[in-house]
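The structures considered in this document are given below.
What follows is chain A paired twice: with chain B in the first complex and chain C in the second.
Presenting the complex of A and B:
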């Protein structure tokens, strides 16, 4: 106890703790910092958790039977039975095409006039499916759903006719880690990374630039505190704030959105701290290099948020990007953390994934904090 | 009056373009981003890493295996000989899927029975998992059709003919790249405008501006036009790159597209100035810009369709100007739409723009510190 008190009285420690206190006062007195650390995560999680989904449901589909009969009705009911579709029966093809152009339906299923006859001939009756290809991903998913309904209908029909129709190769799918394929389960952990990027890099991007712009840094420099102590004060303050935001998002992910946390919480905490250090380093680097809040703000958005959103593997698969772009993603800090959180949440403590990514985070943190430290030194001369 | 406004516009441009760093921030990054994001944003999968566990030694199972190995979307990373090898491969993300062919595969097929094949998929990214299973399904379907034909078994009584309108190859770049135009235009206009008034407030020059003969409406115009013009120039450059470099077909009316861009920039500038007039410091301006931009991008339908959102979130998207502009971009580019289809998208942006500008100009006078 006494040793701790002695340590706290050491001039260096006292200076840093005074600086940390100053940073905290600045944070608390400007509501916008608190907002970005605590309200923004809440807001974003609610938005992504409830709002954003890649799982299609009740897709509006036009159904055109040019000559309605028992056979077309049979096929229609197989589509209508699926909750993926909201079926709209339209009498003619021009009307359906109009609806597709207007965006009222996403696809058209068309059975020609002689559907019933062709069904009984040997070469098979064509079922025409037209999808709106503008959103290629949705189009492909819709196509998959229609194919599924079509396959089920064929089997049922064969069974009712007493024909023994067997599919040669039957695929049995097992989806590991996320058996219901809920997109929320992978979006929410990824969001932890996005939110921490915002807290870590965006807030700190402005702090050094602000001190330069307002001239308060010169005022600080004539006091006994050194540059590294100023930086340390900022890192400690914003690291604490970021940890708070991280705990909030993880708690919400687990308890509100019921995303399973299969890995160890302490490992997650450790990796998150490493990531936070790297993000803070990035923010401070931007701040030190740009010296103006306007430029720092621009760079922070362009250099941190958008890459974290698009190049981290949060939404788009990195392995499918062209090689030069894949190389660029290695510079995106969030990329390593997204991989870690997705694995820790859904798969568990897989060291083969966690270890190399954690090492990359350490490396990034060292590089960014090193640049900040060196650049700040130089300015003193 | 016009000379006064012109003087203010010149001053705003000087403030933006005088500093070489802020100048380069406006020009270079949007272009780099368009190129990088344009290539990155895609839901097509390439080189899906997979492993095969073939327990059957028959010739047919090897043929079946070969259909995967030959497919361009797949890349075999391992051949498995034991059950215990599956989990480490999937856990470590070395393989996204494992195809397990049972011992009786060839025998079942030859006797006319169904031969089960197990597919184990890494579901950590559920969307990628779903796309990959769809790919596997289509490979298996093709194998089945070939098998039925080769064996002379009765054909299916009905077959599915699929056609995709507007984007016959279902290339998702065509969907995302026009979206990136809207996203970058939003980011630039909000960034340019959201910090202008806040910066003047922080430096104390806004009070000086208020005591000049300029009326709030004129200040508003002087602050709004630079952001608008920069957005226009940048938008044009990005449009050119989209058409010439990425070769996304521009099928509809260019006038309609520019009308959309103009109204979208109006609403972006309006929201940016509104944020700026609410903010006291530049930090608040920047954070305010973020608080608007992040939800505006996520709820716009840029990456995830609005139709998949719950009803009340869909209602919220109605106040998001990017939502309307994205529809215009995609309709004009791919569906060849003209003004007739787009009026429903144009007036909401005009409404958002005028309301936010009016509110901003009122706040200029009434929020004093």
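Presenting the complex of A and C:
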């Protein structure tokens, strides 16, 4: 106990702890820090948890049966029964086409007048599917869902007629890791990386630039404090804040959005800490380049936040990007962490994924903190 | 101890050049000096003289290009950490953490300076006593007034008493009351704690409070020594002139142009004059005899010496340009109005001896911000051709009043009429008849001088021949033609101010609003500026000005002193000074009168 007290009284420790306390007082009292550290993450979580979904769900589809009958009604009800579609039954094709043009529906399923007859002939009945292809991804999804619904219907129909449908090759599919295929399950864990980028890089770059702008750094520099102590004070404070953001996100992911956490929480914590150090390194590096809040904010958003959003595999799959862009993603620190965090949440402690990515994070953290260390001098130039 | 007599700060051919892009600016050119311990040394010079660079070099925050600086026997460049641990330095804008309370700021600096917990309460008590901040320790630093912020910054610097204290313009933007308090603290530190202080300032009257001064101008030291000895060199060359019956402004303008006169200034009812030699120049004698004016010798001031120094060839002063004649003839006022001008602008009367009409009417003006009344029922009038000064401590409500009059801020209640327009209903048409010069440089720094002038001419709706005529006038009157292609942001300070004024006068306004127009400007540029203002007033333009320079208050016809949103006093400078007369103070200065007014109200 006495040794602890003596340690706390050492000038260096006293200075760093005073700086950390100052940072926390500022965070608590400055609305913009609170907005970036708590409100933005919360907003992103709710947005990605509830709002953004890459799954097709209640897709508006027009259903046109040119001559309604028992068979068409049977097919219609099988589509209507699926939660993927919000079926809109329209009497004629021109009306359906107009609805598609106006964006009221995303696809049209058309059964011709002689559907019932054709169904009983050997060469089968054609079903026309028209899909709005403006958004290619969604179009492909919709197409797939309608085809799936059609396949199901055929099987059920065959079963009810007591005929065994012969399919030469059968696809037996099983989905691993995210068996319900909910996009929320991979978006929400990825958000941990986005939120920690916000706090680690953007907020840190801003608060450091603010110290230059308001002249507070000049007053600090002429005290016996060293530059490394000033940096350490920032790192400790924003590391804590970032960890808080991480815990908040993980807690909401697990309890509110019910994303399974299959890997070890402590491994997640460790990797998140490595990522956070790299993000802080980026933020502080930016602040050695720019001493104005505006410029620092712009650099942080374009240099760290947007790449974390677009090039990390958070939303867009890196393997489906063009090769040059894929190469660029190797420079995006968030990429390594997104891959870790998605694996830990959905697959478990897969060391083959976690280890190389964690090493990349260590390397990035060392590089960026190293640049900061070298570039920050206790001078005004 | 023998080292007590050694200098605490020594600079040897200290040189520093800043390079940004293609622009090179030599901030310090081979500066050498030594500073005595246990005294206040003043570093005097206008903005851009190199004062801040010198301070930062001494504190080890910058690396010199050549030469060296030693503080307390340590090299500031090589042993910067040791120097920083030994001296105290208060930057110009002391970086208080605005979202921390006064006490939290103090605690932070106590921790950083390694002040042992045991001695803190005693030290805090001393500092609070010294600064009078005790009632405000729990207030957020951002909510303190300008003067209190400066005192808190000083307290943070002093939390561990340093042997050498560097203060970079601690009194800039601070009202006279707070300024006096800051000086009292500095005097105490030197007298009681034996501290050595280097204090930079652009206020020449503060030099007289220092035991020694260094006069810095454009990166060079012009002189160093005790200010009294410097002023003494001016003995026999300083005069006070009283002229009955004639306009003091008109007389001052003619005196300033007279051969053998170094300086002529309006000071209340009198004109203060500095002659080239100890004899009254012949031309001056003739002029005065013709006017029936009396001239009496007065003791010299430090400012007289600096003006004399700067006017000497080779001092690098900006070349003086003829002022005034062009202003009156080419004029910011249309000629038809000139004919009806008062003969004697001092009292702003028209030809028949009636007072000229008021162009600004303010009745029961109130402005609230939330529950706070910044202006609480103020009434006054300003007559045409008057120079009207608005004075007050920081936070007295003068800036708010000023902004309301310019139409930049709506009033909460009351009646405001400017140039015949009620600001409530016709703010835009009132604005077309006023000119405004902001405290900060508010032209476009990355446009050239010519582009700025054209832009402001267009903004005021001038076109065709009229625009060409006004642009030519601006370039001639303010000597801006030779800078036409240069970026406004790169102009020397004095020229920035000329450009700002040219833009404000582009549309020949009837009323000119000046918000602390001369802070940081060197004394020559300030004189030139006031000559222009005088010429404008003589031509019938009404001028409203706010200032912290008390000597500038003396140039005004009438003054309004505000405190806590109300009028403390209003009247001619001489009357306000007379009101502060007491047996102990038979001849109070404007500053003393001001402080007395504010303190009596508090």
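Methods note: the second predicted complex is superposed on the first by the 352 of 381 C-alpha atoms of A that agree within 3 Å, B and C clash if a C-alpha of one lies under 4 Å from a C-alpha of the other, contacts with A are read in each partner's own complex, and residues count from 1 in each chain.
As a working rule, a contact is a pair of C-beta atoms (placed from the backbone, for glycine too) under 8 Å apart; a residue touches a chain by one contact, two chains touch by 3 or more.
These numbers were taken from a predicted model, which means no experiment stands behind them.
Q: By the touch definition at the top of the document, which applies to A:140: first (chain B), second (chain C), both, or neither?
A: A:140: touches chain B, not chain C.
Q: Taking the superposition on A as described, I'd like to know which of chain B and chain C A:30 touches: first, second, both or neither.
A: Touch status of A:30: both partners.
Q: Name the chain, either chain B or chain C, that contacts more residues of chain A.
A: B
Q: Considering only touches as defined above, state whether A:14 meets chain B (first), chain C (second), both or neither.
A: Touch status of A:14: second partner only.
Q: Pick one for A:228: touches chain B only (first), chain C only (second), both, or neither.
A: Once the two structures are laid over each other on A, A:228 reaches no partner at all.
Q: Could you tell me if A:50 is touching chain B, chain C, both of them or neither one (first, second, both, neither)?
A: In the superposition, A:50 touches chain B alone.
Q: Thinking of the overlay built on chain A, is A:92 touched by chain B (first), by chain C (second), by both, or by neither?
A: After superposition on chain A, A:92 lies in contact with neither partner.
Q: Applying the document's definition of touch, where does A:77 land relative to chain B and chain C: first, second, both, or neither?
A: Neither partner.
Q: In the overlay, answer first, second, both or neither for which of chain B and chain C A:316 touches.
A: After superposition on chain A, A:316 lies in contact with chain B alone.
Q: Let me check the overlay on chain A: which residues of chain A are in contact with chain B and also with chain C?
A: 30
Q: Write out the stretch or stretches of chain A touching chain C in their complex.
A: Counting only chain A, the residues touching chain C are 11, 14-15, 17-19, 21-22, 25-26, 29-30, 211, 214-226, 378-381.
Q: Quick one: which bits of chain B touch chain A in the complex? Just the residue numbers, please.
A: Within the complex, chain B touches chain A at residues 19, 21-22, 25-26, 29, 33, 36-37, 39-49, 64, 88, 90-94, 109, 112-131, 133-134, 136-137, 140-141, 143-144, 147-148, 154-168, 170-172, 174-175, 187, 191, 195, 199, 279, 281-291, 293-295, 297-299, 303-305, 307-310, 313, 316, 330-331, 334-335, 341.
Q: Hey, which residues of chain C end up touching chain A in the complex?
A: So the residues of chain C in touch with chain A come to 56, 59-63, 80-81, 84-85, 87-100, 104, 107-109, 111-114, 140, 153, 156-157.
Q: Write out the stretch or stretches of chain A touching chain B in their complex.
A: Residues 30, 32-33, 35-36, 40, 43-44, 47-48, 50-57, 59, 75, 100-102, 119-120, 122-141, 143-144, 146-147, 150, 154, 157, 163, 165-179, 181-183, 185-186, 198, 202, 206, 210, 290, 292-295, 297-302, 305-306, 309-311, 313, 315-317, 319-322, 324-325, 328-329, 339, 342-343, 346-348, 350, 352-353 of chain A touch chain B in their complex.
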